[in-house]
């Protein structure tokens, strides 16, 4: 395993830690510490022992693992929504995607994950605190090099004029529709995340049918089950709402 | 636009066609025909006219567009589930993923989309009809080169022994758990799709806790809204069920 | 069985008919006709034969049976919502409940069913067509005597000033809040049904916190399963939306 | 207000207490005490003061209020399910309904509420603790006289042979199908509540098609919204599961 590789540690009781392989740091677990330099002689799928002798499984982190371990100061965008957004925006290797705001960086991370080294994520955030948090979260998982971060209010517009797609997660996205349209290619897919029905109504009323076609509104719900074969049943409670997703195609 | 590029045509009334740029074919629409060779002088975001003068928007297809336009003979796996599966399995450029069965190839297509030219999808199918359909669907969108297809019953095992992850969408997955475990790396994420609660129970009861850790069961629901700003409300009916998803980590 | 009794006929293939016992009419089924006068010698639980010899089961109709067999010209209120409304409004024998509009009379029927001979339903409807339809539906099931119908716009107010509760199912309920408050006792529960989020927002913004306390908004979803023991799974599609329910307590 | 009347007290901050009017007791609230004998000079809709001068609104409790205030030692059946059960079983004044087990008595209370003084609820419970709790809950709300309680295992059968309907909420209802069939009239609706899919499958497999017709399986979900007009959105979390409902018609 090379320095810089991303590693997921799974404890005997199923707890997950994510770290980058380095030659000088330690991971402190509830079962004792692990010397990260020892990873240099390991492969994904190997196990590693804490100084107290507990065996941890080493795996290559999935995007889901990474998203679950992100440091957050706000409501993050959930995997259930991120997976769908990635498909709707056509994200793949080489994609150039514009995003605002960065927030804690969960969607930024997912975009960076999929665009590869040939793509780029342009992520805008006006609050310094979140700009820094997003940066920290990207660096922790080695994806910072795929992201160009801007500490800027999108009222002033985006730097891009030919992006493949855009995702807008700000309180009043209807105030920036001109900016969004200018930032992307003709025919580009754009998405929005909004927590309230009032925001969805306002946004829809501002998306003129000449510029935004094939507009869709939806929400995604995940219902989990207790994995007990002889007493299979949904969990008692579930996340009932994170936000409404709005998708459209820009027509210039 | 180069020959071989994938193109999405959006009609004035929002209908979507997907084709590959070639120099010798025509697209027949309900507004007249389009000469595909004309695309060689176009870019994504341009428009193109049918021989009857109707203007079509040319865009780069998203994965969602492609999945919606797949030829199907079975229930396909839906985008709502695919997005989540991709995150849970950690699919990215370079991933080597095993899949059974191929079915119509919707999940195969999604995996091929994300693994890039350095990754590979190993897709198993025992019914010739679906093997062929999956191939056809992959070729239509230029992703066949990233997929190795096998016309084979997985009872005989998988060729791979070190895959990064696996997804199993067959009727009785519990009969092939040994094969699945052998196909992937230690610590690899695996997923299953099952339409009935009985199948979920049987599968769970066969996944011994020594070999399968962090097992989860869930289902994903998409609820769509009519995009009318002054009368925002969910659509009257929705897809209520496609299947239950089971995810786990293999521990050898 | 006495003349005037309400009877449910269940055909060998599960089709349900509802009729009142009379001595001079026939029920025409897809298995031939049944002479209703023959019911005078029957009890609930007996069977009766069509003139072609097919055996029908005679049962006492449930409220659910009746609601499913109502003649409708509009979207009716569904059993899933009606059951909850009845509990929230405190409907029971003796209750005096105000309702607007009558619509096809499904909620009117349910209220009449539960208030008994000592209670009363005051049902307002401004469209003659629905006033008549509601009347017809009530008469068909022998509940008309418990309902006082008004062909009147509720802008002019309700006749009642001391009702136990009220349910309002009109397009712009916020225009009639004064009338509603005047119609019921202090502390009375009131309910509203609204199809769109915009209407819910408008209603909530008009319900001043001094007059309407303990306000709640909710929706009820029913998910049906295919009753196949060895392949238990939800039905493929479901009703995704009928309306939002708003409940509150009037404080004068 | 007469002695024995049931009263709901609503505090200035929306807390609800339910009591029976008596001439010798006090209600202790977080705003001070209320002398229940003072209710004798009050009507529903009046207010009453605590000894500290706080004004409480006096209302006639709805069934929903009562169910929310039941003393519970088990998972109770929820209003969302109870409303639907009442409609499906055809409960009304005069109905004679059989129930097992009594549990904390929430469904018993609802049945007693609707059957009136001419109907009767026959409620079976084998655990003394719940038999007593159900009794206490019924007495607290003045509905005990409409219920005949049995402290008995239903393996021994029900006393009734001609009941209008039955509801079975026990762990292994499939063991008592003979008893249930014997307890009700031919053509009677019966219902079951089961928390797991395995129980639903087992029950369905034991309900022979000759004796149980028109069998349905469903679940009911309530999704609540924050009642804020300018920021309307679902609550963050919701109850995701209470149980599956099975309904059928007995054919002897």
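Remarks
Letters are used for the chains, namely A, B, C and D, taken in the order the chains are written, and counting of residues starts over at 1 for each.
Quick note on the criterion: a residue touches a chain if its C-beta (ideal position, glycine included) is under 8 Å from a C-beta of that chain, and two chains touch if they have at least 3 such contacts.
In this text the structure is predicted, and so the values were computed from the model without any measurement.
The set of chains touching chain C and also touching chain D is given as A, B. In the contact between chain A and chain B, the residue numbers used by both copies make up over half of all numbers at that interface. In this assembly, the C-alpha centroid of chain B lies 48 Å from the C-alpha centroid of chain D.
Per-chain CA centroids place chain A at a distance of 21 Å from chain B. Remark: chain B and chain C have CA centroids separated by 46 Å (rounded to whole angstrom).
Counting partners per residue, chain D has 197-198, 200-201, 223-224, 230, 232 as the residues that reach two or more other chains. Of all the residues in chain B, the ones that touch chain D in their complex are 197-198, 200-201. Across the interface of their complex, chain B is touched by residues 195-198, 223-224, 230-241 of chain C. Taken in their complex, chain A has these residues touching chain B: 8, 10, 14, 44-46, 57-65, 67, 79-80, 82-93, 110, 113-114, 116, 164-165, 185-189, 197, 200-205, 213-230, 232, 244, 246, 249, 251-252.
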